[in-house]
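You will see two complexes here that share chain A, one where it goes with chain B and one where it goes with chain C.
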Partner chain A sequence: MLRRLLSLYGLLFFVFIYAPILLVVVYSFNANTMNMMVWSGFTFDWYRQIFGLPTSITDSTTYVDSSAQLYAAIRTSLTVAFSTSVFATVFGTALALAVARYRFRLAGFYRTLMMVPMIMPDIVLGIALLIFFITIGMNLSILTIIIGQSTFLISYVFVTVSARLAAFDTSVEEASADLGATPMQTFRKVTLPGIAPGILGGWLLAFIISMDDLVITYFVAGTGNTTLPIHIWGMLRRGIKPEINAIATLMLLFTVVIAGVGLYFRSRRTK
Partner chain B sequence: MNLARRKVLQLIGLLGAPTAFLLVFFFGPLLIMLVYSFLTPGIYGGVDWVFSHLNYGRILGWADTRYEKFDPVFLSIFLRSLRLAALTVVTSLLVSYPAAFWISRMSPGRRDFAIFLVTLPFFVSLIVRLFAWVLILRPTGFLNQGLMGTGLTSEPIEFLYTDFAVVLGMTYVFIPFMFLPLYGSIEKLDMAQLEASADLGATRIQTFRKVILPATLPGIIGGSIITFIPALGNFIVPSVLGGAKVLMIGNLIEQQFLSARNWPFGSALAMMVMTAVLVLLVVQLRLARRGGA
Partner chain C sequence: MPAHLEVVAARKAFRTPEGGVMTALDGISVKLASAEFVTLLGPSGCGKTTLLRCISGFETLDSGDIVIDGSAVTQMPAHRRPVNTVFQRYALFNHMSVARNVGYALEIAGKDKREIRTRVGEMLDLVGLAGLGKRSVSQLSGGQQQRVALARALAGKPKLLLLDEPLSALDKNLRQKMQQELKAIQRELGIGFVFVTHDQEEALTMSDRIAVLAHGRIQQIDAPSVLYQRPANLFTADFLGESNLLPVTLGGTTATLADGQTFATPHPAGRATLLLRPEALGFALPDGPALSFTGRIAETYYSGKDHQITLQTPAHGSIRAVIRAGGQSPEIGADLTLHAPAIGLHLIDEVAG
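On to the complex of A and B.
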C-alpha cells in the first residue's frame, strides 16, 4: 500500500518536472494566432517564421519580425559561449592538475577557494563586475561578458576535472615514469588521455552554463550585445508571443543534445 | 636544474595565470564593491569619494537625513527574501524527499536513468523553464482554464505575480539542488536497521522519526543550504513570476544600479547578501567535514 502510494507520488514528481517543458513544446505547434493557449490545429508556422520562410500568419495579428535580432543574439551567445568555455577549460584544468598532482601548502586552500565563485549569488558578482569595469574605465563589450562568465565557470571545470583526476590511478603515471618517459611524455601519453573525458565534460558544462547565463551577462553586456537568454527575456517583458514557444523548443533540443553528451562522459568517469 | 626546482616551476606555470586572473577579475571586483558600500552616492549617479556609513544604516531603516524619514522598507524586503527562500527550501524538501526515497529503491539500471531525468532540466535554459510557468499561471493560462473548465471558479485567479508563483518557480528551478544531496544520504540508508526497528515493534512513523530522519539529516541540511543560497539572492525568478509586486533583495539591488543609480547603497545590499551566503557556506563546510569524519 505504502509502496504503491510512493510509486504514484514518484510519477507525479516526474510529471511536475516535465509537464511545463512539454507544454511549451506542444504549443509551439499551435496554429491559433489570436489566443495561443487555445489549441486550434497543427502548424509549423512559428518555426517557419523564425527561419524567415513564408507563413500563413495573417497580418491582422501584426507580429513584428524580429528574426534579425534573434540571429544576432544567437551569434553573440555562440561566440561568448565558445570563447568562455575554452578559456575556462584551460584555466580550470590547469588549477585542477596543480591541486591534484603537486604537494604544496595551499592545495587545500585552493580546493575551498574554488567553491566560492560557484556559490556566489550571480547578482552580487554581476554588480561587482559592473562597478569594477566602470571604475577601471573598461568599455562594456563581448570581452567583458567573456571575462565575467569565466570568473565562475573556471570553478565548474575545476570541479569536473578534479573528480576525474581523483578517480584516475596515479600508479599508471608512476609506471610510465619508471619506464623512462619524461614528465612531458607521461603527461601527453598517459595523464591527458586519462582525464580527457573530464576535460570534455567540463568544457560542455561551461558551454551550456555560458549559453544560459542571464544575470552576469545582463550587468556587464552594455548596450548592443544581446545574448539569446537576454533577447528572450526582453520578448517576455514586451508581451508573450507564440513565437517564443518555438524558439524555446529549439533551445531545448540544443541543450538536451549537449547535456546528453556531457552526462554520458560523466557517467563514463565512474566506470 | 634539480627535480624539486623543476616541480616548483611547473606548479607556478599551472597556478600563476589562473590565480592572477581570479585575483583581478573575481576578488578585485568584490573588493571594490566593499569600498563602494562605504562611499557617498553622487548626485547624478556614480560615487563621491567621501566616507559614509549611511548605506548600511539605510538597510536597517535609518533615514538618509537629506530626504528620507525612518522607514524599514528595505529591511522588510530583506526579511521577505529570507522568508521566500526558506519557504522554497521547505517545499523543495517536501517535494524531493519522497521522490528520492522512491528512486533509491529502484533497480540499479532504472535508478541511474531516473537520476539522469531529475538532473536533465537543470541544463534546460532557465528563462525557458520560467516561461513555461508563465504560460501555466497567467490569468488565461492552463491552470485557470482547468479551474474554470471544471467549474471550481468562475473568475480567473491571479496566480502570477504573487509570493506563491515565486516560491513555486524557485522550487521548480532548484529541485536538482535539493534532490542530489538528499538522494546521497537516503541511498546509504541501511535497510537492515529499518527491519530491525520494525521487528522491535516500532510503528512506521516511529521508524521514520527515530531511524530514517536522523540517518538522512546530513542530506537534508546539505540540500537545504545549497537551495537556500541561490534562492536568497535570486532576481530572475521574482522578475519573471513576481513582476513588480513581489520584490526580493535581488530586484532591489538591480534597481539601485539600473534605475535609482545609487551604487553605494546597492553595494551595501549586495554585501549583505554575500555575507549571508559566506556564513552559510562555512556552516556547510563545517558540517560536511564533521559528517565525513
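On to the complex of A and C.
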C-alpha cells in the first residue's frame, strides 16, 4: 500500500514538472486557430508560419509579421551566446586554474567572490550594469549584452572547471614535469586534456544560459539588439498565440541537443 | 668511485597549518656512487619523501646543495633535471595509450617517431609488457600499471631513477616479484636508484646501502648486513628487525649484564647497550663463552619454519627469541633457558632511556 502511494507520488511529481513542457510541445502541433487549448487536429502550420512559409491559416491570429525579425533575433542571440560563452570559458578556466593551483592571500575569499554572481538577483545585476554603462558613457549595444552576460557566466564556467580540477590528480602534472615537459607543455599535454570535459561542460552551460537569459539582457540591450528571449517577450505582450508553442518547442529542442552533446563528450572523456 | 649524486647539508622546513614549523630535513648529507641502489628507509614523517622530492625538484631546499654528476641542480626546475621518478600511485596519463605514456619523455624531447617507437618497444620488453603498447592505461592491472610507470621513467635514459614507495600498493606476492625484477633491471641498466620505503624487509632485500632516516636526519647509512648486525644507535637497532636491547656496564675488558653475567669485550669503560637479535638465541648451550637467560614463556607463535618465543625473565624483562622448529615445542607457562654465544657481540654506545 505504502509502496503504491510512493509510486503514485513519484508519478505525480514528474507530471508536475514535465506536463507543462509536454503540453507546449503537443499544442505546437494543434490545428485549432481559435482556441489553442482545444485539440482539433495535427498540423505543422505554426512551424511553417514562423519560417514564413505558406500556411492554411486564414485569420489574423498570428503575430509574426515577418520572419525576418525572428531570424534577426536568433542571429543576435547566437552571436551573443557564442561570444559570451567563449569569453566566459577562457576567463573562467583561467581563474579556476589560478585558485586551484596557486597559494595566495585571500584565495578562499576570491573563490567565494566568484560564486556570488550566480546567486545575485538578476534584476539587481541588470540594474547595476545598466547604471554602470550609462555612467561610463557606453552606448547600449550588442557589446554591452556580451559584457553584461559575461559578468555572471564566468562564474558558471569557474564552478564547473573548479569541480573538475578538484578531482584532478596533480601528481600527473608532476610526472609530466619530471619527464622533461616545460610548464606550458604540461598544461597542453596533461592538464588541458584532463580538465577538458569540465571546460567543454562549462562552455555549453554558458552557451545555453546566454541563449536563455532575459532579465539581465533586457536591461543592457540597446533598442536595435533584440535577442530571441526579448523578441518572444515582446510577442507575448500582444497575447498568447499558438506560434509561441512552436518557437518554445524549437528552443527546447536546441537546448536538449546542446546539453546532449555536452553529456556525450563528458561520458566519452571520463571513462 | 666518483659521487654521482651528492646531497650536501640539506635543510627544509615546512609551515604547519597550525602555524608551527616542521623540520623535514635537518642537515642531511649523502653521497651516491653511480650504479648504486640506495634505499631511504624510515617511519612516516621522517623526511625520506621530502628528500626525494628535493632531488627530483618538486621541493626546493631552504639551504644546502644537490649535485648530480658534478653540477649543482639545487636551483634547477624539475623538468630540467636529469632524473626521473616512479611515483607512489604511478601518476600515469590516463588519456594516453601505454606506448604514449612510455614514450612521453622522448616525445617532449622532440625525438623522431621511429626512434620513439623503437625505444618504447625496448622499454616494454624490459618490464615484461611487450605487445601491450596500444592498450589504454585504465585497462591494465595495478601491477601492469606499475610496470608502465617504471618503463616511462626509464625511457628517457635518466642518470638517476627515484622511486617513491612504488611497491606499496601491490599485494605481497607481486611485491616480492617486483622487488627482484627492479633489482635485476637496476643491475642491467647500471644506473643509480634512490628507493624510498618504510618497509624494512624490502630495504634489506634490494639495497646496496640503506640510509635510515628519523626526525629529518640520517641515523646511519651502511650496507644492509652491517646495518642489521652492527647498528650505530638504538633507533636503527630497534627500527630494523627485532631486537633485544640489554643495558650493560663496561669495565675495560668485560661487560656486565643486569643479572651479573659477564662477557669479554674490547669496548672502553662506561655504559652501553647490548644488541641481541632473537635468532642468536637457542635451546642448546654453545661451545665456548655463552650468555644464558632463564625465565617463563609468556607468548609463543609457531610460523611453520620457526617458533617465536617471548621469555619473561626476572632481570631483563621480556626477551624475544626465534628458534628453528623441530625438536621440542615450547609451551606458554613453561620454564625455559635460552643460550647465546658470547663472541663478537655488538654494543651500542647509548643507553635506553
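Everything below uses one rule, namely that the second predicted complex is superposed on the first by the 255 of 271 C-alpha atoms of A that agree within 3 Å, B and C clash if a C-alpha of one lies under 4 Å from a C-alpha of the other, contacts with A are read in each partner's own complex, and residues count from 1 in each chain.
To be clear about the criterion, a residue touches a chain if its C-beta (ideal position, glycine included) is under 8 Å from a C-beta of that chain, and two chains touch if they have at least 3 such contacts.
If you're wondering where the values come from, they're calculated on a predicted model, not measured in any experiment.
After superposition on chain A, the partners chain B and chain C are seen to fit next to each other with no clash.
With both structures placed on the common chain, the touch criterion links A:172 to chain C but leaves chain B unconnected.
In the superposed three-chain model, the partner touching more residues of chain A is B, compared with the other of chain B and chain C. Of the two partner chains, neither chain B nor chain C is touched by A:82.
In the superposed model, A:194 makes contact with chain C only, not with chain B.
Of the two partner chains placed around the shared chain by superposition, chain B is the only one that A:119 touches, whereas chain C remains out of contact. When the two structures are aligned on the shared chain, A:44 is found in touch with neither chain B nor chain C. Of the two partner chains placed by superposition, only chain B is touched by A:16; chain C is not. Here the vertex is the CA centre of chain A, and the angle it makes with the centres of chain B and chain C is 90 degrees, a multiple of 10.
Contacts of A:181 after superposition: chain C is touched, whereas chain B is not reached. Taken over all C-alpha pairs, chain B and chain C come no nearer than 7 Å in the superposed arrangement.
For the contact definition in use here, the residues of chain A common to its chain B contact set and its chain C contact set are 183.
Interface of chain A with chain B (complex): residues 2, 6-7, 9-10, 13-14, 16-18, 20-21, 23-24, 27, 35, 37, 91-92, 94-95, 97-98, 102, 104, 110, 112, 115-117, 119-125, 127-132, 135, 147-148, 150-152, 154, 183, 208, 211-212, 214-215, 219, 229, 232-233, 236, 240, 244, 248, 251-252, 255-256, 258-259, 262-263, 267.
Looking at the complex, you find that chain A touches chain C at residues 169, 171-172, 174-183, 185-186, 189-190, 193-194, 269, 271. Of all residues in chain B, those touching chain A in their complex are 7, 10-11, 14-15, 17-19, 21-22, 25-26, 28-30, 32-33, 36, 95-96, 98-99, 101-103, 112, 116-121, 123-129, 131-136, 138, 140-142, 145, 172, 175, 204, 229-230, 232-236, 240, 250, 253-254, 257, 263, 266-267, 270, 273-274, 277-278, 281, 285.
Remark: chain C residues 56-58, 77-80, 83-85, 87, 89, 91-95, 104-105, 108-109, 138, 152-153, 156 touch chain A in the complex.
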